[in-house]
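Chain naming follows the written order as A, B, C, D and E, and within any one chain the residues start at number 1.
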Amino acid sequence: MGGRLRSVWPPLLIGFLFLAAWQLLVIVQDLKPYLLPAPSLIASNFFGDLGLMSSTAIYTGTTALLGLAFGTILGIVAALLAARFSIVNNIVTPLAAGLAAVPIIALTPILNNMFNITSRTPRVLVTVIIVFFPMFVNITRGLLQVQPVQLELMRSMNASPRTVLRILRIPNAVPFFFTGLKVAAPLAVIAALVAEYFGGPQEGLGSRIASSAANTAYGRAWAYVVASIILGLLFYLAVLAVERWTAPWVGHRRST
Amino acid sequence: MSAAPTSTVAVQAAGVSKVFNEGLANEVTALQDIDLSVREGEFVSLIGPSGCGKSTLLRVIADLTHPTQGTIEVAGMPAAAAREQQRYGMAFQQAALFDWRTVRRNVELPLELQGWSKDRRQARAMELLEMVQLADFASHRPWELSGGMQQRVAIARSLAVDPPLLLMDEPFGALDEMTRERMQNELLRIREETGKSIIFVTHSIPEAVYLSDRVVVMSPRPGRITHVVPVDLGPRNEDTREADAFFDAVTAVREALRGHGGGTVRAKAGEV
Amino acid sequence: MTEDSGVQVASEPRPGRQGTVGRRFRRGLTGVLWALAGMLLTVLMWELVKLVGTIVSLPFTTSDQAMPHVWTMVQGFGQPEVRGSDTTVLQAVVSAAAYSLLVALGGFVIGVGVGLLLAIVMQRFAFMERGLLPFVIASQTVPLIALAPLITGIGNRISIGPIQWNTTYSVMFIAAYLAFFPMSVGALRGLQAPTATSLELMRSYAANPRQVLWKLRFPASLPYLVPAMKVSAAAAVVGTVVAEISTGVRGGIGRLIIEYARETTSQPAKVYVAVFGAIALGLVAAGLVTALDVYLTRNLPKESTA
Amino acid sequence: TSSDSGTAESSAAPEPSLFASSAAASAMAEESAMATECTELTPVTLQLQWVVQAQFGGYYAAKDKGFYENQCLDVTILEGGVDIVPQTVLAQGGADFAISWVPKALASREQGAGIVNVAQVFQRSGTLQVSFADKGITSAADFKGKKIGNWGFGNEYEVFAAISKAGLDPSADVELFQQQFDMQALLNGEIDAAEAMTYNEYAQVLEAINPDTGALYQPEDFNVVNYNDEGVAMYQDAIWASEERLADPAYQDITQRFVQASLMGWVYCRDNAQECADIITANGSKLGASHQLWMMNEVNKLVWPSPAGVGVIDQALWDQTVNVALNTKNLEGATIITAAPPAEAFTNQYAEAANAALQAEGLNTTGDDFAPIEVTLNEGGN
Amino acid sequence: MSAAPTSTVAVQAAGVSKVFNEGLANEVTALQDIDLSVREGEFVSLIGPSGCGKSTLLRVIADLTHPTQGTIEVAGMPAAAAREQQRYGMAFQQAALFDWRTVRRNVELPLELQGWSKDRRQARAMELLEMVQLADFASHRPWELSGGMQQRVAIARSLAVDPPLLLMDEPFGALDEMTRERMQNELLRIREETGKSIIFVTHSIPEAVYLSDRVVVMSPRPGRITHVVPVDLGPRNEDTREADAFFDAVTAVREALRGHGGGTVRAKAGEV
């Protein structure tokens, strides 16, 4: 209990100091909301319409979750193939790197034109693409970076490549997998959000932020941003929880 | 598993050389012109100074690395085929345990690969852990064990399946004397019961003599076989270590290691 | 398909570590060839999908509007940018990509530096990890639309000595803002990677934290740093392009994407041409990181490198 | 409906004769500049809301033809991007003047940005709702039951206002979708009517190949709803200045000179559409030639005629703008502004003085005889 | 480095216990009530069955882990202070070499940390590699070495700086007999020349006896000191291993290990 408390107060403290400084800056410098809305203004917008905040966050969160799930699966599959067949590795790695360099802002219009703009599909696809790269790169590295002696052990037992994958490479890649997921989870949220700028249903955080910002309603825009931050943190915490639960050995060895 | 040509030769190495980093500045000739043949059911120890190529020789026999020259036959077939047919089990110099598995599941690993049912392999693993006196630690993680305990887990793992040939690289190096003697006797018992052939790397001359039918002495850079000392002590028992023949053999091996020819037999492949 | 990264490599678990320059060059060349093969494959797939789309109905549009033919795109490269001008689209894309690459590189260097620094601080002080990490995460879920006006706005007020802030710095800043995140997460994990024994060794030397960092944690973290850098490089490129779009700054691929996207309705292939520029940019960035990887891990036992 | 056809109805004289002659104009301008005794040019920055294109033709022409210089100004034009908010840049001191649509600028003003509309360049809205002719959508009342596209980003209010004004409920009677900044969704039939600017998206549609005919789409293939006709039009491009700095006589002077030269640029472009289009292209726009000229011509239609004089605000249209901004709710239930802006939000002082000065130089500043030219669009706008 | 209180006690452990995973299902009492005092200049060996806590005891003394109970003093100061002042050098059971450094630069590591100049530390490293007979491999990478070679590099590294106390955990475990004897004599020579105190973990009884002034025998679960065998052989030389006193001591330690009290001294802290 005390331990949990101890792990909670540093971010709270830093967060509080940060917000206090922000509020102070706004007051002292007499910054107008069009420039930088005060935390108090954002908070009143946020709490003033909690229902709307949560329903928009749920819409975007669903897109992000779908994208994260599919992107992760795709990343895993591609990494497994790449670790097993070097030809896949040779081909997929540069393609993935190239695809990862296409900004959402260029990608979304193309996908919006391919898939019906009135559906969620193009947004999920954008998220999938964003999630894919960090997952793929990290997992591939984890699958390949095994100790030579462990590999020899497997070989001495005449393990098939598939077995080596299952018994050695996959467990070895677990910490890498979670490193990738920790990067991908918040990115999934932002991808799902940004994909909403370019059209389609207007129920999500992205649309709301865009239209609020376009009207210089920065207090409201930032309230939605707060919702997206909360969403991102939730995703991240979920990843942490899953890591603790499924891979308890990771990072344990450093405790002496 | 499947039918292998019957043969009385368990391992046959002919003209084996192994050069690392060939052609580069840091070239090392780890093995040169190794001829060695191990009969079925024979216990052969490899002994020699640090870096003389013992581990490399084991790895070549196990088809974990390819010789630069020469050929290896295991159970009458090429090394690769023997590996694929699981004709040997290997204990490595490093324990090479998997951190993400408990001690018991580390021992189960080879059984899993052979598709044993969960119950059977658990029972087998516990039996082996009992043997290496680590049953209490079955559910610990490898990094919670002492060096010697890790090594014992690795030994248990190498004995889990029942291959006709055992390749063991300093398996008892990190064990105290008493545990070591227990393990030696266990190994001899297993060999007795199953008729396994065993190639065993050790730095302990008494251990080599106590266990082996033949002690192969190697010298470094380039790694060559310099002497082969036959040991004939009959069935081992409590008194073996006190027998004169034992001390003679120990002395012979020691002499061989020091580079003197006295009392040793220079072996040539095929002759033995 | 061969399966040479399965177990077979175990036969020689640490092959040719001291690749001569020539060998390394050759390996780089094959890498490029593979990348080309991958592109070719993608092109074939694209056209195949289009072909299939004309026969059966797919869940997406395969019309020339949505998915222009590859040759239409290639044709696009050769056309003059604007009627009558003597620069072709290809030239425009290449020079824009070169410009963006430079900005992205700046953003990448800053981002990687900041990411590393954060990771170091978080690794060093447990309370910092708990205190900072949520904000690092939070920073990435703030959309640029909320930040860009702030960044350019605040930037406009900055002038350090003779250097007056200009929009290019804002772009670089945004690139760094996106690039630092994968780096900080990956580096944090990497810095925590050394084995207990090596840490104890350093502790037995009473090595100070800086020494532990430089002599142990940093080199031991390389397997994690490299993928992190790859993701960061991609993020820097994306950040650059997005920021160019966001701020409308001239010269880069982002601006080209805006310009060409306006013609999507009538010339759907043209925007792809600019997107290819971004892809090429990403490939170059990834190539640079891979080269760095080969250099950094040249001394480590390796099986094969991702 | 005024601008429902691609080929404008008038037949403008091919040579720019109406303008006394550009050389003469500059000579006159020079003269008056000499009078202000210019020893050193005053640096001035102008923030646009988008990248260079004919929408901003007047400013580029003023710069290119030396009108600014004659007013003793050295103008730097800052291009916009998707996340550049010109009025914010202006209020923060990042620019001396900004071009912005009135409703958005009023929203910023309400959030504390001290800005003043000093010249209302566009006298009418350029927003259309375009649909295929066979859908039969000729007025907002026909939106009922249709899939209606809008751009979001604060560009949707005219659509919403028109829907409401036609007696429809935006949340029930129509299906609203945010469309992308291209017209693919319309052409693919995913939506029934798409928001479009006369000078840009509408042209894009007409530059696209009709797969049925293999030739370009023709104006008669489409219906357009013009929001000016629906009575919900809002003022668009205007020149904004800093309210705070307008207290300073020096800035007042600069503003006067800037507005005057800018409006002179718009007069020039009215009479020299082709040359202005070329100036824009020379300034780095990558739009195709026919598209550029089309845009110049359509923008001219938004500026001219200016019955009260170029840049001068018509109180009635201002009130209509404010009214829509104040009362139209978007899907979220938000309005653009929550209170009517004070009278200080705009001033005709500078525009009127500029009109007087320009008229004194012999220029027609109302454009009462303005006649658009005829532009033929080519495939892809080339 | 700085002035430390002069003391004739190099290490003083009082009532030291160490429990891992306290309160959990897999709780292990690695050390219980350890009292041990090592005089300055004394050579003490720890011997005992695998898993009895030898490594843990060394690690507690080195302030690499904290005892659950009890106190440790090194050179008259708390263990932490002694570590910070670099009053000891340690050789670990695993070699723990850094893959990214060449063999020579691994040996240089502690010198680097102490800020030696490049030339000096290169010279020193080469000298030490010469001593462990690995000068030829100076520019190799650790993973290119055999197990024993790696261990020798680690030994060289632990000797690189010149601390008054050496803590060595089975340093010669992977070495062949000849190399081992060489290393033993080197160690004795170094001790002779520098007057270092040494705590040395080994599984070899003869080695313990040959090297030590006192052999501390431990028993496992919980890890306790059961016997302390004093060894008085005078200066070691070629003949020491043949001396009767040597064999007597070996027998005494062996007996102690087997749990018999005969011929051994039960030590209490402070008495020794």
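FYI, contacts are C-beta pairs under 8 Å (C-beta built on N, C-alpha and C of every residue); 3 or more make two chains touch, one makes a residue touch a chain.
Remember, it's a predicted structure, so these values are computed and weren't measured experimentally.
Comparing mean CA positions across the assembly, the chain most remote from chain B is D. Across the assembly, the mean Cα position most removed from that of chain E is the one of D. Per-chain Cα centroids separate chain B from chain D by 87 Å. One finds 50 Å separating the Cα centroids of chain A and chain B. Once the centre of each chain is set as its mean CA position, chain D and chain E turn out to be 85 Å apart. Each chain gets one centre point, the mean of its Cα atoms, and the points for chain B and chain E are 29 Å apart. Among all residues of chain B, those that touch two or more other chains are 21, 25-26, 63-64, 94, 143. With touch defined as above, residues shared between interfaces to two or more other chains in chain A number as follows: 35, 105, 109, 113, 116, 148, 152, 155, 159, 197, 210, 213, 218, 253, 256.
For chain C, residues touching at least two other chains, in rising order: 10-11, 13-14, 61, 65-66, 144-145, 149, 153, 195-196, 200, 245, 261, 264, 268, 301.
Interface residues of chain A, counted against chain C in their complex, comprise 7-8, 10-11, 13-15, 18, 35-36, 82-95, 97-107, 109-110, 113-116, 121, 133-134, 137-138, 140-141, 144-146, 148, 151-152, 154-155, 159-161, 164-165, 175-176, 178-180, 182-183, 186-187, 189-190, 193-194, 197, 206, 209-210, 213, 218, 221-222, 225, 228-229, 231-233, 236, 251, 253-254, 256. Residues of chain A that touch chain D in their complex: 32-35, 52, 105, 109, 112-113, 116-118, 197-202, 207-208, 210-220.
By the touch rule above, chain E contacts chain C in their complex via residues 59, 62-64, 83-86, 88-90, 92, 94, 96, 98-101, 109-110, 112-113, 141, 143-144.
Per the touch definition, chain C reaches chain A in the complex via residues 1-7, 9-11, 13-14, 30-31, 34-35, 37-39, 41-42, 59-62, 65-67, 127-128, 130-135, 137-138, 140-146, 149-150, 153, 181-182, 185-186, 189, 192, 194-196, 199-200, 223-224, 226-228, 230-231, 234, 237-238, 241-242, 245, 254, 257, 261, 264, 268, 271-272, 274-275, 278-283, 285-286, 301, 303-306.
Considering their complex, residues 50-51, 79-85, 88-89, 92-94, 181-184, 187-188, 200-201, 204-205, 207-209, 281, 284-289, 379-382 of chain D touch chain C.
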